[in-house]
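What follows is chain A paired twice: with chain B in the first complex and chain C in the second.
This part shows the complex of A and B:
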């Protein structure tokens, strides 16, 4: 059966410490809880989490919703977004199955990148590698005033902005991510069609501003 | 939180109320609000409807509702089979339908075995057609108290078949029959067809959606690229409903999709999907063409039992249903006129229920199986062999004078099995029109002091034709191989021909 791979790239740099990082952890857990109420999402969606601070780590490999176990996240260091893009490109190549004459491949992946700052490393190198391998939809989320959306806009046409990086906004963002995964997994199962743009996802909540 | 009052657009003197707390339950195209007494919902279409769409809604809540009310078994259809919208309203340019609330049995009372995450959630069909949710090792498996047994799904399939039969009798097509539009409850063995506001009146209102991927008929997908005005374009209609019905029944009984096999038709995902369900659609269990058979090494571990047709082939559903599955997925897959109609499914399901045997393994998850006509019958689900002798009763009807002909209907007998009027008489047909009187047992079979016997409860003129012995009410007759038992001397009364197998 085809899977819908979902990658969450989460900024865990020092500026996220305190309320924001707690809100992110809570948001992921609420997301899994809600998705586990949707039988179509359970059948199709597989979720991976890549965090980036001074380095980028895939803290959870692409995992089905039934087996998914959240891990603790700590905020520290700088914002190696380029390394995260590079790692994402690797994972898209290794974890996402393409169709072969013998085996059905996965649906196009859905990627969410959330950051409250700007990259501190050479993000373009990672981005170039990602461009070469990515076939799916990438949604960028600039969280709070300090977030630099100019880089996100160069990575994807689909960027949303959170006015604040507080727990309420972050929680709203994850609700929207949840609805997007739900909609996409239902859509691929019900219509056999893939999601290619932000306009095909559910409308974001009022606190999320679409800026590109 | 406020209570909003809206007037009917059919009869302005009628009004409805709903609670608006700002966050209605969101369906695919509608926002759903509950009435304060929670007896009905007001479901508003999010986008304004055009003239045709409104006209169709009006007909559904007036003309077609009246047809059901005036027709046979109206209470059965309106309570046990459909959630039929019964009025229409308008507010701020948006059209809404008034629909009776879903019965509480269609909400999970436990849900998952390990937690309460889906407790209270709607029992849409998808939960019961996917193999993983019933695999005990799966972390998100449903609690066994939610799953029912194999007979539950026969009754569910019978209800859906009757619902489709009635719609087609009224000249309507559902157009989007899928596991999302059917609520099921394996516990009480019931099913409700919901979201009936999209019904298609052939020739009058074209369908607005082509359906849900797993259930769209091949000819609809094959001609999807053509313009709506093109004469070659095929839109959902009664024949495509019959494809969806066959897929639904297959999925409820066998928990896998009949056309989703191992064959890759195109390296592009969307194209591959379109071909696999459309022009190239091929039954995964096709006896001669193995092209699309399931690649069992590619199944997820939670799906390895039901997902593998070699473990439980479609023939496990018995001869009557196997024949219909062949017609639906082999002969009629690309030839819509060959597809079995809803009435045929209903009959085959009911006849198959008479072939069902209880599994002697008390911890068997399915508890029942269809006798497979072999020398060594065994439960296909848990492998437990049948213990003891197995009486078979073939039904015969009086052709003329002393000539009796077979009905093509067989009753597999088990301990404490009931005999009903529809077995004893040709004049009583087992369908939704049966009254409570007709549903009372007229006899029963028991294994008594090492003998199989039939006890007469309510039949007049029962007679053992071998010994010429009358069997009055409350008397019993032993079943022996070659036995011929006249069930009733009334017109239409049937004869049972007994064979004892598994000796």
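This part shows the complex of A and C:
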């Protein structure tokens, strides 16, 4: 079975503490709950969560929606986004099956990177590794005023911005991520084609502005 | 015991050790009252610490994260609590479990049963710690998820019969084909049924003059708005285009020429002159077929213009096999554009042959459609094939809705073992025990249509399968 791998790279640095981190946890929960009602998504979408603060950790390996169980997230430390990109590259290499004459590999992955700040480590090293590995669509989300989108724009052509990192905006972002995963899982199943750009995803809600 | 107790007591009351106090302690060691008090105080302490342990174990148990694996509706579920770190904890009851149809056995600390409904809920574990009067009773909350069986999530909405180019959600046919039998079934995929969309696949089979017969299958592109019409027109029009005695007389003559020339050269050294002759007859046959495909393409273009739609709105693949039995065997003239296979299985020798070359998305730069002008280029000739078989056991045409789940990769279509598995599956070796009985001809088209409902995770495309046997 060809899986649709979805990686969520979530900023859990200190500035996310309080309302934002709670909204992120809630957002992921709601997303999983909603995707579980979609027959195409529950069969094809597999979700992994990588958090980055002072270090990057894959808190949930690539898991099917039916067995997915959310873990607690704590906000602390700085923003090691480079380490997260590096870890993502590793996981894309190890967790995503490629197509061979004997088997059909997974669909191209969907990656969402959400940050409310800017990288505090050598992000280019991680980015270079990722560039060599990634074949899927990466969507960057700069959440709130403090978010630095210049780095996100160098990582991907698909960047959206949230004006505020409050719970309402974050919840809207996850609703859009949910709709995007739904759309993609339907699309791959029906036409055998992956999405390649933001324009093929559902239109973002008004809180979310496409900036690249 | 008494001495230690007294010494600790003196320290507690800041009584400095000395000769007098030592003598007093020595004397009191045999005092009955002091002995009794010591015993009861030690007992009281023991009791207090036991109470502490009990509360402590309770708190620790409440704090421990217990992850119950998610359940799936209608799938047997079992979970064994591991209480090895909590020797005094006893789970007496789990409330809310009955809401999803599961039960809990306190003696074995095991949840089991078959969940009846999909639900997310908080389980309330009523547990005790310790015995008798010191027993504590508390509640621990554990979130629990029962997923829906994906099969239950698929809706089956009828397509709108009043829509433009409406077509039936399924179709089937059984009959004779030359001196053999044919059965065909076509079923709308779950992904289309879920949204009330039309079946995009289509098939058409016709008995033609001069003992020719044709079977055509088409898979309308999922991305094209009216591909349901495209596939219908492609199969029907191509079949009709051969309903022409003049054309078939010409075709039969060319085929006889071809068979005669090719027949005389088989197994011997062929001269280049003979080869040239074979090639000439081959190309005149292909030319006849080419004209029909070309004219189909033109008709589709005219139709699109008439309807004020774009030709690509009709995007569809097409495969067909035009077959006739000659004195020296069956001659199969085939054509294919797109990713649907035409395969022949012979029993002597025990072989499988793929008659057309597939346009495969990932390696071939995207699938091709009969609606695309670019297919009519130099390599167009390679889309046609002429094959002669003394006999064959099966001629099979299918859309990717069948081979994606059943063969997984295209190269397995040329693997005899994969075909053996496929025919065993058709013969009932599948989880639904759905069987197509090729030996008894009773409602075989219904059998095939129900077989098409097989369940395969992630594979819910339209399915069309034609078998000549």
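Quick notes on this structure:
Rule of thumb we're sticking to: the second predicted complex is superposed on the first by the 212 of 212 C-alpha atoms of A that agree within 3 Å, B and C clash if a C-alpha of one lies under 4 Å from a C-alpha of the other, contacts with A are read in each partner's own complex, and residues count from 1 in each chain.
We adopt the following convention: contacts are C-beta pairs under 8 Å (C-beta built on N, C-alpha and C of every residue); 3 or more make two chains touch, one makes a residue touch a chain.
Here the structure is a predicted model, which is why all the values come from computation and not from measurement.
Superposition note: with chain A as the common reference, chain B and chain C are in steric clash. Of the two partner chains placed by the overlay, only chain C lies in contact with A:44; chain B stays clear of it. With both structures placed on the common chain, the touch criterion links A:1 to chain B and to chain C. Of the two partner chains placed by the overlay, only chain B lies in contact with A:108; chain C stays clear of it.
In the overlay built on the shared chain, the residue A:194 is in contact with chain B alone; chain C does not reach it. After overlaying the two complexes on the shared chain, residue contacts for A:33 are found with chain B and with chain C alike. Among the options 57-65, 129-137 or 201-209, the segment of chain C that ends up inside chain B in the superposed model is 201-209.
Across the two superposed structures, the residue set of chain A contacted by chain B and also by chain C is 1-2, 33, 36-37, 39-40, 42-43, 65-67, 99, 101-104, 189-193.
For chain C in complex with chain A, the residues that touch the partner chain are 67, 69-70, 72, 120, 145, 147-148, 150, 153-154, 190-192, 194, 221-223, 361-362, 408-409, 411, 457-461. Interface of chain A with chain B (complex): residues 1-2, 33, 36-37, 39-40, 42-43, 65-67, 98-105, 107-108, 189-194. On chain B, the positions that touch chain A within their shared complex are 117-118, 121, 124, 126-127, 130, 132-133, 138-140, 178, 180, 212-214, 260, 262, 264, 266-270, 272-274, 277, 295, 298, 300, 302-303. Partner chain C is touched in their complex by these residues of chain A: 1-2, 33, 36-40, 42-44, 65-69, 99, 101-104, 186, 189-193.
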